[in-house]
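The following blocks contain the structures, represented as structure tokens.
Paired with subunit B in one complex and with subunit C in the other, subunit A is shared by the two complexes that follow.
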Partner chain A sequence: MSLVVRRTLLAVAVVLLMFLVVAPFYWIFISSVKLPPEIIASTPTLFPQSFTTQHYDNLLGGSPFLPYLGNSLVVALGTMIITVILSTLAAYGLYRLRFPGRRLLFRVILITYAFPGVLLLIPLYGLLSDVGMIDTLWALIVVDVTLAAPFATWMLQAFFRTIPMELEEAAALDGATRLGVIVRILLPLAAPGVASIAIFAFITSWTEYMFASVLIISDANRTLPVGLAGIIGQYQIDWGLLMAGATMTTLPVLLLFALVGRNFVEGLTAGAVK
Partner chain B sequence: MHRRNSLMLLVLAFTLIVSVLPATAQSPVEVTLWHMEQPPHRVERIQMLMDEFNAANPDIIVSQEPQNWGEIYTKAPAAVAAGNAPEMLFAIPDFTPILKDLGQLQNVADFISTLDEAHSFYPAAVAPYSYDEGVWAVPLYNMVQSLWFRNSVFEEAGITPPTTWEEWLAAAEALTTDGQYGIGVPANRQLYTDQTIYNLMINAGADEIYNSDGTLRFSNDATVAAYDFYSQLYQFSPPDSPNWTWGEAEACFANRTCAMIMQFTVITTYDTQAEGDPEDLGVVAIPAPADAENPGAISYANGVMFLTDDPAKLEASQRFIAWLMEPENYGRFLNMEPGLFLPVTEDGAEAESFWNDPLVVKYRSQVETMVANSASGRLFGFTNGNTFPSISAISAQNLLAQTLQLIVIDGTAAADAVAEGQSLMEEAISG
Partner chain C sequence: MSASTAQPRRRGVGTPRWLGYAFVLPLMLWLAATILVPLAQSVALSFQNVRVIGTPGEFVGFANYTRLFESERFWEAFGRSLIWVLGNAALQTVLAFAAALILKQNFPGQKVARIWIILSWIVPTVVVVIIWRWLLSASGGIVNYALVALGITQEPIGFFSTGDGAFASVIAINSWRWFPFQAVILLAALQRIPSELYEAASVDGASTLQKFASITLPGLQSVLFVMGLIGTLMSFNVFDVIWLLTAGGPSSATTTLPVLIYDTGFRQFRLSQAAAISVVTGVFLLLFALVFMRFAAPPSDDGEEERL
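Right, the complex of A and B next:
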């Protein structure tokens, strides 16, 4: 197969993949700027025949979208930071330290995923109510960390395994403490892994619906997925508002990918050059 | 002397202050309402009314916390169990048995009597909450399904709006043309499908799910006839209707793909996303077999439950609801969603505050038809006092809709599907 044919096939595959990934976002966005009759027209229009910002005006000016967005950001960023700290320390402990039951603990850590979340809902509600955390963003952060941290720990130890032990020993000989080794040696080298678990924790929290819908009572503390579901209504759907909400909801995630994704790529290429 | 008078004045003033202090220092009774009317304009309207009430009643502070129907069935019992339930909670009939089972629900029979004397409830609105020697919620607003269409579409096809099943099927067939389906009926395993099939069950004479002893009577000839007729209508429905909820049906009607739909209302969507011509928007009662004895349609009398046994909080909550039911306030409450929420009281149906909303003025004849249809509304599992808590399990699993799917998707014969539907229900309520 000639180089030209191979490159053409590769280009076609990339374009196809791009289409599959981008098409839903494109559809949501263009629907958010169409007038209502065009959104629900029986023959869909690939390119908007009308243009309006009324759905964004309604979303930002006539609904509590911004407070919901703020709450989601607090919860998702809080979850991300705590998960990264906990998972890094846990992954290091499980991978580097030698203690009885280490292997068992490492395997057991993923068992948390074997329980359907809905089974935990009522007991967790009672537990959090007893400690006065119902209707607080902290309750969601605690829950989301417990959802994200086990898998993040498991994922991060795989990155730690690729880092030679000799680097740590050399640092220790130079007088680095164990925490210093983690912060100055392991974390920079495992940057792609840390970026991955940060994104994972953020998205886990950003899209979490079930616990957020039950543990939060007041409108003031509601997060985006639950708040948006309420804004749209049950019997009558405002499709334009729905599309504007969906567009705005994806923006922070795209922003995070733009920021952390760059570090992710830098980490990979730096490793390749070494 | 002068000094003694001054001293007496001081003592008198002190006594007065002390005697007044307990009254002024007494903090207002705070009560919270959880409701599921989350769209911002409805929250805003409820807040406006609460602000008015709070201003007129300084000894009470009523606040709201909007919730979501999707989670309230889990959230409310959890809140009751944890001791942080609200004092008032909006309900539909199949929600009350769940809360009643937890022992927290207050019997409002006496309060209903008081309100009834002042406002005259429609009996159909109170009936779904009346069982087990009590009344378990105060009906606040009704929603009833009707058949919606465009007059111009019928005129163009040379037919009149249907009143019988025979006419209805013929109309669906005649109106199915290039780019238009005669009718849009859902087949999703979801509440909307439960509602639309129950419309047909009512008119076939199969509105009773239970016998008076609590056994099921779902599997019978009338139910089979209803399901069979639904499957005939379904032939003229768009191919994506197995995935529909209310919003998709409204969109199908608004964009003229569906000539008819069964829906609580299409007024807002029709007004904002379609032509908005009140002369062309048609609405009639759900058609029935020519020999139907007691036709009607599915209706939801939404109500409010009281979850507190604290006398002061209960009294404060009931004062707020009584204030809300006053004609000058009630219409504004109903019109948090004009053209969807209907009055449950006779004086509410005549209230100027209800009829003077601009959208209600514009679509007055349609709203009048909806109000008339609501008088014969019914809800599955809440008919003739044959109400049992197990209906919540049947409703939660959408077993009416699942039975329909056996017919229109799996191709099972109606009689077999209905028999299987009864088995599924027995299994659900035995668990």
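Right, the complex of A and C next:
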């Protein structure tokens, strides 16, 4: 095959792939700034002919979007903090220390990661209701940490691996305490990994729908996915409002991903292929 | 494997043995409290007749299980779950392989593309659902507009109005969400195959197909194993895409087991019955995992220890 043909084919393939992934997002964003008649026009316009912020105004002013966003932020940040603490501690023990049963524990954590969350739906509801946590944001934090922490621990493996043991030993010989070694040597070196699992925990929580739809009862405590789903379910679908909501819900994830996307993808794949 | 695996792990200077357990303990306690305890409760619940949580139930023995095994709805959902897993696996494998092979090439913007490809995987499912509801809408959706404009169909298609159509659409949408994730993992695995192998094979006159069969596939064996196992379990588990797109309908055509569990527990308020479905599903998945690990596990080598 000649070079020109090869290049052209590759270019077409790349464009098709990117189109498949990105075009739907372009389409909802574009729709969110069109005036209602243009949104439902029988001939769709690929570039908006009208421009309006009315859907965003409605979303922020006329719907409970902001309280939902606040709840989602609280749950996602709580999940992130607890996951980072639990997973970093566990990863240090699993990948930097040696003790009998280490491999078994590692496997148990891997299995919990693949464990189907839907099987926990019924009993967790019962358990959280026994301890009076139903309809609180804490209930969601508890569940989301369980969903995120096993994979987060796994992701850290690749990052901890790259740090030579000798660094720790040298610091220990210099009289540093173990905590000092962890905080001053290990964590700064593993910072990209810790950032990746923080983002992973945030995203896991930010996107969780199933538990949030069952464990939260009052409207005031709803998170974004459940709140948005409520708007879909209404009698007359207001597409402009929905598009604005979808865009606004995607935005925080995009921002975070723009910051640490590269590390995140590295961590994601490093665990699986090693 | 990398140099760090080959080097024997030391216990560090003056490390007591219990220290390792101490670091892992908080996570293990958390997981035990939120997975192990609920699982035990689930089994207990499945032998009672609780309808709504908080109301007392009586011990009813295997009544929930016998009802389950006699219920047509359960077996239909079971069958649908199998089709769901197979359909998703087939579609995602093809798309992911194609995407990984494309991204492996050199082209301008390749670094950005390799990261942002997983966009559809990191956005909330609700957003995925809103996007596709809008794209596939029978009134004003751009996909239908394109199909009619290109003369492929006369009338707009109601993608979610027939049972088969809805099921196929949901599988396609879920695959759209997941294939980039698989592609990124496949790509990382592909990049670890030494390019010298391909060069040597080319010198020996091997065809593209031969290279794929004798270099690429064996090189991907372990990652395909992990994806086959974990991917299947995670795919089986998918609930929100289906629920938000079709709520299991039309007339239960998209009710897979997770949807059935949710519906039974929180729409029909028969918690004990839902717990019984969970237990049976869990046992089935466990059996699947054991069989899969027994027969599909790649031969282990030195670096295998951290893998499943």
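The rule is simple: the second predicted complex is superposed on the first by the 229 of 274 C-alpha atoms of A that agree within 3 Å, B and C clash if a C-alpha of one lies under 4 Å from a C-alpha of the other, contacts with A are read in each partner's own complex, and residues count from 1 in each chain.
Throughout what follows, contacts are C-beta pairs under 8 Å (C-beta built on N, C-alpha and C of every residue); 3 or more make two chains touch, one makes a residue touch a chain.
No experiment lies behind these values; they were computed from the predicted model shown.
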Fit or clash - subunit C, subunit B, common subunit A: clash
Which of subunit B and subunit C A:S129 touches, first, second, both or neither: both
First, second, both or neither for A:S218, with subunit B first and subunit C second: first
In the superposition, subunit B vs subunit C on subunit A residues touched: C
Subunit B versus subunit C as contact partner of A:L173, first or second or both or neither: second
First, second, both or neither for A:W239, with subunit B first and subunit C second: both
Partner chain in contact with A:L228 - subunit B first, subunit C second, else both or neither: second
Partner chain(s) touched by A:L121 [first = subunit B, second = subunit C, both, neither]: both
First, second, both or neither for A:I40, with subunit B first and subunit C second: both
Clash with subunit C, by subunit B stretch, listed 37-45, 181-189, 217-225 or 361-369: 181-189
Overlap of the subunit B and subunit C footprints on subunit A, listed as residue numbers: 39-42, 121-122, 125-126, 129, 210, 214, 229, 232, 239
Partner subunit B, residues of subunit A touching it in the complex: 36-37, 39-42, 62-64, 121-122, 125-126, 129-130, 134, 210, 213-214, 217-219, 226, 229-239
Residues of subunit A that touch subunit C when the two form their complex: 10-11, 13-14, 17-18, 20-22, 24-25, 27-28, 31, 39-44, 85-87, 89-90, 92-94, 96-100, 102-103, 105-127, 129, 142-143, 145-146, 149-150, 153, 157, 161-162, 164-165, 168-169, 172-173, 178, 203, 206-207, 209-210, 214, 224-225, 228-229, 232, 239, 242-243, 245-246, 249-250, 253, 257, 261-262, 265, 268-270, 272-274
Residues on subunit B engaged by subunit A in the complex (per definition of touch): 34, 36, 38-41, 43, 65-71, 74-75, 77-79, 81-84, 143, 179, 246-247, 250-251, 254-257, 264-265, 268-269, 272-274, 337, 340
Subunit C residues within the subunit A interface of the complex: 1-2, 4-5, 7, 9-15, 17-24, 26-28, 30-31, 34-35, 37-39, 41-42, 45, 53-54, 98-99, 102-103, 105, 107, 113-120, 122-127, 129-135, 139-140, 142, 145, 176, 180-181, 184-185, 187-189, 192, 222-223, 226-227, 229-230, 233-234, 236-237, 239-240, 243-244, 257-258, 261-262, 265-266, 271, 274-275, 278, 281-282, 285, 289, 303, 305-308
